Every structure is written in C-alpha cells, then in structure tokens.
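First up is the structure itself, then whatever we jot down about it.
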Amino acid sequence: MTLLQLGVDGVALGAAYALVAAGFVLALNASRAVNFAHGDMVMAGGFLAVVLAGLMKLPGIVLLPFAVALMALAGVLLAAVAYLPLRRQPVVAVFVSTIAAGIMLQNAATAWFGAAPRAGPSLVGGGVVALGPFALGRQALAVIAVAAGAYVGLHLLLARTQLGRRLRAAAQDPAMAAALGIPVTAMTLVAFALSAALAGIAGLLLSNSFFVTPTEGGNLMLKAYIAATIGGWGRLNGAALGALLIGLFETVAATLVSQVAAEALLYAALLLILLLRPQGLFGEIAGSRA
Amino acid sequence: MRDALRRSLVPLASSLLALAATAPFVAGGSYGIRLLTVAGIYALLALGYQLVFGHAGALSLAQGAFFGIGAYATGILAVRLGLDGALTAPASILLPAALAALVAAPVLRLESHYFALATLGLAQLALLVAINAEAMTGGANGLPGVPGLALLGVAVAKGWPLLAVVWSAVAAVAWLAWRATGGRRALVFRLLREDPIAAEALGIDTGRLRFGAFLFAAAAAGLAGALHAHLLGVVSPEVLEFPVLVACLSMVVIGGRARVAGAVLGAMLLVHLPEALRDIGAWYMVVYGGVLLAVIVFAPNGIVGALSRGLDRLVPGAPAPLPVPVAPPLPAPVPPSRPVLSLRGATKRFGGLTALDAVDLDVAAGEMLGIIGPNGSGKTTLVNVMSGLYRPEAGVVLLAGARIDGEPPFRIARAGVARGFQAPRLIDDAGVLDNVALGVREHDAAPGRAMHWLRRLGLEDVARRRCGDLPGGLRRRVEIARAMASAPRLLLLDEPAAGLTPQEQDTLARALKTLNGEGVTVVVVEHAVAFLAALSTRLVCLVEGRIVAEGPPGCVVRDPRVVAAYLGARWQGTEA
Amino acid sequence: MRFPRFVSLFALCAAAGALPSPFAMAADPVRLPVLVPVTGFLALEGTSQRNGALLALKTAPDLARPEVQDTATAPETAVNAFEKALSAGPVPAVVAPMLGTQMLALLPLAAERRVPLVTVSGTAQITEQGNPYVFRFFPGDAVVKQAHARFVVEELKATRPAVIYQTTAYGQSGRQALAEAFKRLGATVAFEEGVAPTVKDYRPVLAKALEARPDALVLHLHAGPTALAIRAAAGMAGVPRIVAGSAMHQPATAALLEPAELKGVCAESGSSPISGGAPALEAWTEAYRAAFKDDPDAFALAQYDGTMMVLAALRSGARSPEQVRDYLARSTHRGLAMTYRSDGKGNMAHDALIICFDGKDRTPRVAKRYVQGTS
C-alpha cells in the first residue's frame, strides 16, 4: 500500500467532507448562524441513498439526481421550521433550533431504520482501476469525480447565473438586496436547498465506502465547523480546502503516526494555526456574528 | 418599592414555574430528588456559561471540557488518593480555572469563530487524554468507585442532604453571577458583546471582563463537574464529550441568555423533559427535539424573556421617574502651555498603503480643531490612531505630554479621550438614558450625570426612547452625550454631520460650539468642508495621509492644494 | 466441533410462544424494568438486548411484564432510568444496559437498593468490583478474549498477531484481556493500535499493521468499524487471516459486507443464533425473526437466556429481589446458548465460540467451541 494509494483514499474522503463543509457554509452565509443539524442532514442523505437503492436497484450515480432533489426539499423544510421563524431573532436562537432539528433527525433515523449501520449504493461499482503500477479504488475515484463535478457546478451556479448573483447579494446584505427587489426569503430557501442537496450528495458518497449510522451527524458537523473556520469563516473555497486538508490528515497523518496521535496532532495544529494566524488560514468574509 | 416588587416578579414567577414543574417528580421520592440534584448541577454549569457566552458573548466550546476536567479532578483525587471533598472540590474548581487562565491570553484575543474553534480544539484534546491516558483516567471505561461527597470527614448522603448542598452551591453561584452582571453591569456586558470597540472607547476594559467571565465559567463548570462525579460515582469520558456542551448551550438559550433565572430554568427543563417523555417509547427523543424547537420558536429570547414580557403585559408598571440631573465635577484644566494631544511623525500603513504618513499635529487646549480631507485621505485613520484603536507603525502620540500610542483604547479613553464613530455605535435595543449612562465610569453616579448630559444636549424628551427608533441627528447627539458623560479632556468626532439634515447639522453645530465654549477641547473630522469651516477655530487639511494645509478656516479653504484635493469641484456640504 | 447440546423442551415451546406458562399464578405479574440503550451510540446492541428480554417475557405474561426505558449513552441517563424504574415500586430484578460505563455507574446503586442487575455487558471490570448484585449472561472478556487468542494461536498457529482495537470501554477492556491471553499463550503481539469509533478509513492503520508482518489480524472493534476494517482489508494485498471480535457475529455487521469480502474471516462470540444448531435454538431464531423482522445476535440470545433465568427464579417462588439474587447466584440455568452458572462473581457465561465465514453467504459456521474454559 503506497502513500499514493492512501492519498487517493484521503482525497476521496476529503472531497466528500468538502461537500459537507461547502453546504455548511452556504447555509451559514444565508442565515449567519451555525446550522447544527448539517451533520444530521448528511446522515439523512446517506439513509436516503440506502432507501433509494433498495427501491430502484440502480447504481449510485443514477440515484444521485433523485437524492439531490429530495434532499433539496428537506433543506427547504429545515429552513421553514428552524430558520425562517427566527430570522429576526438573536442568532443563538437558531443554534438551538438547529440543535433541536438535529436531535429529531438523528432519533427519527434510529426509530425508523434501526441503529444498525447501513451500506449505501456504490457509484459505478466496486473493484480497482489499474493506473500504471497502481491499483486505485474505483469507488474512491468516482467519489472524487462526483465531488469535483458537484463543486464546479456549484461554483458556476454562484458565479455565472442570475440566481447565483441574487443568492450572493441576499447573503451579503439582506436589507440592501431586499431594497433592490431581490426576494430575500426565497433566496434563503434556495440557499438551504442547495446546502441540503450538497449534504445529500456527500451522504450518498460516504454511505457506500463508509456506511451510514444515525449517530454520525455530530461528528460530521464538527468536521464541517473546523473546515469552515480554518478556511476563513464564510469562504466557500476555503472551507472546501480545509475539509480536504482534514481528510488528508486523517489518512496520511494516521499512517505516519497512530490514529489517536493524528487526531491529537490535528487539534494541536489547529491551535498552532490560530496562535500564528489569529484571523484563520485565509482570512474571513462573513460578518462577525457567530 | 413598586419598582423593586416588579423587579422581583421574574425570579418569583420563575421559581413558581420551576416548583410546579418539578413537584410531580419530587413526589416520586428518590427519583425526583435525584433529577432535581442533576438539574442543580447543570444549573451551575449553565450559570457559568451564561457569563462567558450570554454576557461576554464569547462562544466558548470548552465549557463541557471544564465540566469534565472538574469531574476527573475529583474522581482521580478521591479514588487514587482518597482525599476529602474539602480538598477535591477546591481542586476541581481551581484546575479548570487555572487552565482557562493559562489559555486565555492567546485564545481570548481571537475573533469569535476562531475563539470557538480554539476552545473546541482544547476540549477535544482533553477528551483524547481522558480516553487514552488509561493509567491515570481509567480510559474509556472511566474511573468507578468515586465516593459520595464528604466534607471534612462528614459524609453528605445522597438524597436530601446532597440536594441541599447542590442547590446551596447554585444559590451561591447565582448570587455571584448576579453581582457580576446585574443592573447596570448587564448593560456594560451588552455593549461588550454587541460592540466591543464602542465599549473600549468608553474606557471599558473588555479584555479583563472577558477574562473574568471565562474564568468564572470554568470555575463554575469545575464545581458542577465535582458534584457530578460524587453523585454518579463514576467518571467517564462522556463528561468531556460534545453533547455536554450542546446541552449547556441549549439550557442557556432556552432558559434566557443573560438572566440568572434563565440558567436555572433552562437546566431544569432540559433535565426533566426527556425523563417526562421517556415513556412514549421509540420516538420520545424525536418528540423531545420537537418540544425544544417549539419552545425556541415561541420564546426566542428564552423562557425568562417570554415570562418577563408576559408579566410586563400583565402588570403594566408606571414608568419610573427620570433621575435628577447632577452636574459632574469640573475636569482638571490642562495647562494652556502644553497641547492636549500631540502627534509626532505618526505613520500607519495597511499592507502597501500608507494611510498616515509622518503626521505632526498638536491639539491645543480649548480649541475646536477641524480636520478636512477628501475620501480616503486618512481622516478616520487619524481618529483611530488618536483614540488607540490603531497602533501607529512609527511616531508617537502624546496625551498631555505622556505617550499613549500602543496603549489599549480603554486606557486612552480613561486618560480622557472620548470619541464618536462615523455611524453612531449605540445599543439600539436599549433606551437613550441607559446608553448615555454607559459613559459614566462611577456606577452610582451614572443616572444623574447621564441625565445632566441629556439635558445639556437637549435630549430630555427622548430619555426613555429606544435608541434604534431615533433619527440620525438624535442618535448622533446621544453618542456625543455618552462621550461627554465620561468627562473627557478631548472629544474626537468622526464625520458627525454625515447623513444629517441641514436642521440637524445646525443643532449639532450649536451643541458643539456650546461645549467648546465651556472649555471642552474638540477635534472634528469631516468631509463636509462648509460645516466644519463655520464651526472650527482652526482647520487642518489631510491629503493622502499628509497634512497639506493648516491655519484659520478662511485661509485653508482657499488654499490651492486643498481646492485641488477636492478636485476643484463641488464644495461638499454647501448644498447639503 | 462439538454437537450442540440438548436444550430443554420447555424453552422450545416457550420460545415459539405455543404454550402458556404451566405455572400460572393468581398474583398480578411483577414489573421487570428493561433498561437498555435504544438510542445513541450503542443502540444496535441495546435493541438486541431489549428484543431478547421482550421475547423471554412474552413467554410468561402472567409472571412478569416488561417496562422498557432507554438509557442512551451517558451513565447519568442509565442511573436516571434505574431510579425511575424503582420509584414506581419494588422490582425483582433489572435488565441492565450493555454499556460498560453505564454498568459501572449502576453497580453501587444496585448494591444500595439491593436489586440484581441482569446484563450482557462484556466489559471486564463490572464483575471485578466485588458487587454481589451483578449477573452477566454474555461471556466476559476473560472468557471470549481467551477463546479469541487461543483460536488465533492454537488453530491458526499464529505467533505474531496484530491487534487493532477501539478506543472505547469495550475496546480497551478487550485489548487488555487479549494482551494477557496472548502473553500466556506465548505469542508476541507484533502490532497494537487503538482506533476511535469515529474513524472511517481503516487503510492507514491496516497498512501499518501489515508492515509489522503479522501472521494473524485480530480485530476488537464495534459493528460498523469491524465492517469498515474488513472491507478495507479485502482491498489490500498480503492480509493474513482475520479473527474479529464479537461484533462480527452480528448479522447487521455481515449485512454491510459482500460474502466475498467475508471469506476466511472468523470471529469470537458467545453464540451465533443464525448459524443454527439445536432445534430449540432454531425455533427461537424463527420466533425472533417473526417478532422483530430481524436476525437475532448473541446479545439478544444471551439477554433472552438471562431473562428466562429471572423468570425461572420467579417460578421457583422467588419474589423479593434478594430471593431472585440468591437464585441467580446459586442455581444452574440451561439456556439456549449455553448452561449458565455463577462463578461467584456474577459471571454466568463461560462458553465461547469461534465462527467463520466461508465466502458463499453471510451466515457464519461454528468453527470451534470453548466450553467452560476447556476445548
């Protein structure tokens, strides 16, 4: 097992984390509040993939659009119950409303599907692809490709389309955007839908190689939070890069030292970064609200 | 008397609510007593968290870790060394507090999210140690056999005795928290968390307040952890895990972020609710999440917030009479021979841009100095350097002959430099009188002196109004009143006329002239030349960080360099 | 391989729910609290526990009725549930959670309130506290890890096993027992590392383990992680025989993997209901499937047997918790998985078995039985 092969696995894991983190930042920028239920949305996406695969017996790549559409709906629902009623309230109220939504998601999954881990569909089948002297996992490569595709798509949507410009305007300065005639509430719903769709893609990607369990949301949410912070609060690309780094760290550093030491090193590195660069690795753009 | 009664209504109603909610559980004997004991322990944790998160506004994610560290301190000392509670409990309080003090210096200066991340990192490291340092902590299994609490050899039995000890601790910590945050201090904390820069400019040592809050939170968490270890008899890594922090955060927000009663109510609700719902079966935690969601949607400011609003509606009180104005003692006069404030070679750069380029400037006692300049000429930077918000890269700033560059803004404010901001930085959700009172550093004298300055600036009629509802001109005057309330030697104003109507500008100019006439030294930075030319005794023109002209207003405005700087075009402000 | 032992006709009939209890009492059924984690981190195992207990209580509705309370993850919740269960009146015994830390918190309370705890928690420490109120119906680490190590050394002839364990109560307790067992057997542990249960990618730790050139790979991980590790290993070259911990015997774990990935994988367990055996056991397995639409695991069976022993105590006339405790401490119970008898510390189960997968399906075959510590 060479470091390159481990690197590909690390990038695949990191790419899936990057989608998680990007979705987290989208909701963050739209609501200016941490969505504590985001990890549970990823978990929900994983279970959705399991259910879809059970219903349709098709490869994951074909199921992906269904998962995206359904999760986008779930995102709208989440925004409608946990964010919109509180958007003029102290931001910490949204912390608690999303914590509550997360508790509901996690325990509904346990009650509905049982506590056993489940395996989701693979994207294009398992096995390995020979690349010169290296045998790389087909699923890992497919995960990287899909994640990259989703990310580029998101980028184009935000940068090149009218909808994207409106989304960004509504996130940056809701009052100004409203004055310009942009339907801010609708844009918030779209942002949450996109955020949940990304969570759904990530959930589907992770559910095959790494299974899905009802309780894993909290851990995913912590990773997204860390990635979003080291990447510069509110920066989409920074968060994605931060997530990639975490994925690589989990794989490569865990190979070089023990897994426990790698985890300790990750947090120690975080503290060191903050000591040397108190403004984060890439600076910050979002407002100073939590 | 009536006012005192009204103020005690919220705690009273909260206690009644809590009693009513727990009565059925306590009637259940040892189960109810146990739940109430657990709720008391979490109330301690939440009371501490209220200070750092609710009042100081710092999203600390280490509160759960401090709780766990307190629990482990008691567990390890009691199990491995057999020490008495009289020793282990103080150790459990001191260890988290010492850790907090140790990390505070690098961590507290971080911006909100980075502070949150740093505290999260610390908490995760503590968890890793607890799980993997098996020889000391017992590893993931935990440390069984923690004895019940014993103080100086006297055992405190579980049940009523322990309940009494726990709730006595809650009462003591609640009293301390109330002393630290009650009354006017609540407003100081509010300014600290909503606008730390404005707080510093009023001479509030935000660093010290945040440090104190962080320490208090850690100590309270440690005490809670110690009691938890005694109650449970086992210390295991669960006490250090993220759910403890999530529960604590939820308690504080759901109860009420900045009210002592809120921490207690929140803890009681979150401990008892799942117990009450457990019998539902498989979906009970879903229902629990749903209830939390409903509570926060209907009471976004917490149960106490909703309670006090409800009580206000139920028992509408007559507005308390306004305080009697008390004139402040006259400030010590600055010898006219020495300038109040001097800059020598003051230079400030942002990356490649030099915003201030070796500026020399003296502000004479009693003068009304106007500083004009086009957009981007460094005017605001100059005010920020004078008030200590920016530290100049080169040069010195002297206040009455003493160097102040490099001092934190609150110290400069306390030394007698008060300032306004381009957009007035007030607590929008508080009243005018409360906002102005924040300027007075002596707590007891605050209302009277604040009233004095309200009267001086013609704001008496709006004393009870909410700041957020006031038009721009009034907001500006409120900010000046607040600055004057701090009895400054020097008043710095940054574009005070911006956005005001001509009438508002006139009123403002008259107010400033009166203040200046009474001996207050004023420096006004302004883009609108006409406004300033009519007001000042001396004018300085700043272009690209350098002083290009200086002298009587009449001469400066005709100076060709000044005219060129303004593109020889519009005289900003003449038509405004 | 020994032939499965005879199991009483009574158990067969009872499991199928075909016969009402012949010892119908006039008195109301007593409450039997079932305190198990059905939410959170150990919900999978806790649900098995609950199902096992419920199936047992179904056989004697006139004797005892279940009262299920969730204990979630924290020790505190378990203690709350215990207090709640006892607040409604006396109970003869309590079905107590799998989670070792929760058991450690419950033990002093059980002693104080004099209520026997009937559990399937494997964590070594719980029967080492000198507490006479705990009864463990799943073989503890001292039994199963001994069997685990013996199979690796004696059957696979390994001398340099690599051990990968979870940094949880279950994992750390098992690691210690494994290390002691390997030492006794004269094997050298070539590699040993703990992995957090949140880790998703097992390739790094496996790669390092392989570098130590082990001749057997010993896993002691929870259900999901066991599957993650075995799947990762299936994609790597030069992996020696894998002998996993009891989590591998859980049908939920096998369901995550392709049969091919399971080929040659073995695991320790107290029992393996789906592997078949005596007619009584197979009938029980069918009854379980019918009741819960799911495959049973050894935890469910052990909790069933334990609960049946409590019912036997009640049937023998025991009513007070102290009488039930005496019965559990002194009697021998022939259960479906094995025969249970206390060793004086509350360890009731002393048999372990090793199961192996042949790569054709997800149902393991029993490869070796270690009865009462002998072979």
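In order of appearance the chains are A, B and C, and numbering begins at 1 in each one.
Just so it is clear, a residue touches a chain if its C-beta (ideal position, glycine included) is under 8 Å from a C-beta of that chain, and two chains touch if they have at least 3 such contacts.
As the structure is a computational prediction, the values presented were derived from the model and not from experiment.
Looking at A-C alongside A-B, one finds more C-beta pairs in contact between the chains of A-B. The most distant chain from subunit A is C, comparing centres defined as mean Cα coordinates.
The centroid of the Cα atoms in subunit B and the matching centroid in subunit C are 53 Å apart. A separation of 36 Å divides the Cα centre of subunit A from that of subunit C. Averaging C-alpha coordinates per chain places the centre of subunit A 33 Å away from that of subunit B. Annotation for subunit C: residues 38-39, 167, 194, 196 touch two or more other chains. Counting partner chains per residue, subunit B has residues 131-132, 243, 282, 285 touching two or more of them. Shared interface positions of subunit A, defined as residues touching 2 or more other chains, are 107, 110, 260, 263. Residue ranges of subunit B in contact with subunit A, taken from their complex: 59, 106-107, 109-114, 116-118, 120-122, 124-125, 128, 131-132, 242-243, 246, 249-250, 253-254, 257, 282-283, 285-286, 288-290, 292-293, 296-297, 300-301.
Those residues of subunit A whose C-beta lies close enough to touch subunit C in the complex are 1, 5-6, 9-10, 13, 107, 110, 114-119, 126, 128, 137, 206, 209-211, 213-216, 219, 250-252, 254-255, 258-260, 263. Contact residues on subunit A toward subunit B in their complex (touch as defined above): 36, 81-82, 85-86, 89-90, 92-93, 95-97, 99-104, 106-108, 110-111, 218, 222, 225-226, 229-230, 233, 260, 263-264, 267-268, 270-271, 274-275, 278-280, 284, 288-290.
Partner subunit C is touched in their complex by these residues of subunit B: 28-32, 34-35, 38, 131-132, 134, 139-142, 144-145, 228, 232-234, 236, 238, 243, 274-275, 278, 281-282, 284-285. Subunit C meets subunit B in the complex at residues 38-39, 68-70, 73-77, 79-81, 83-84, 86-87, 100-101, 104-105, 107-109, 123, 125, 129, 167-173, 194, 196.
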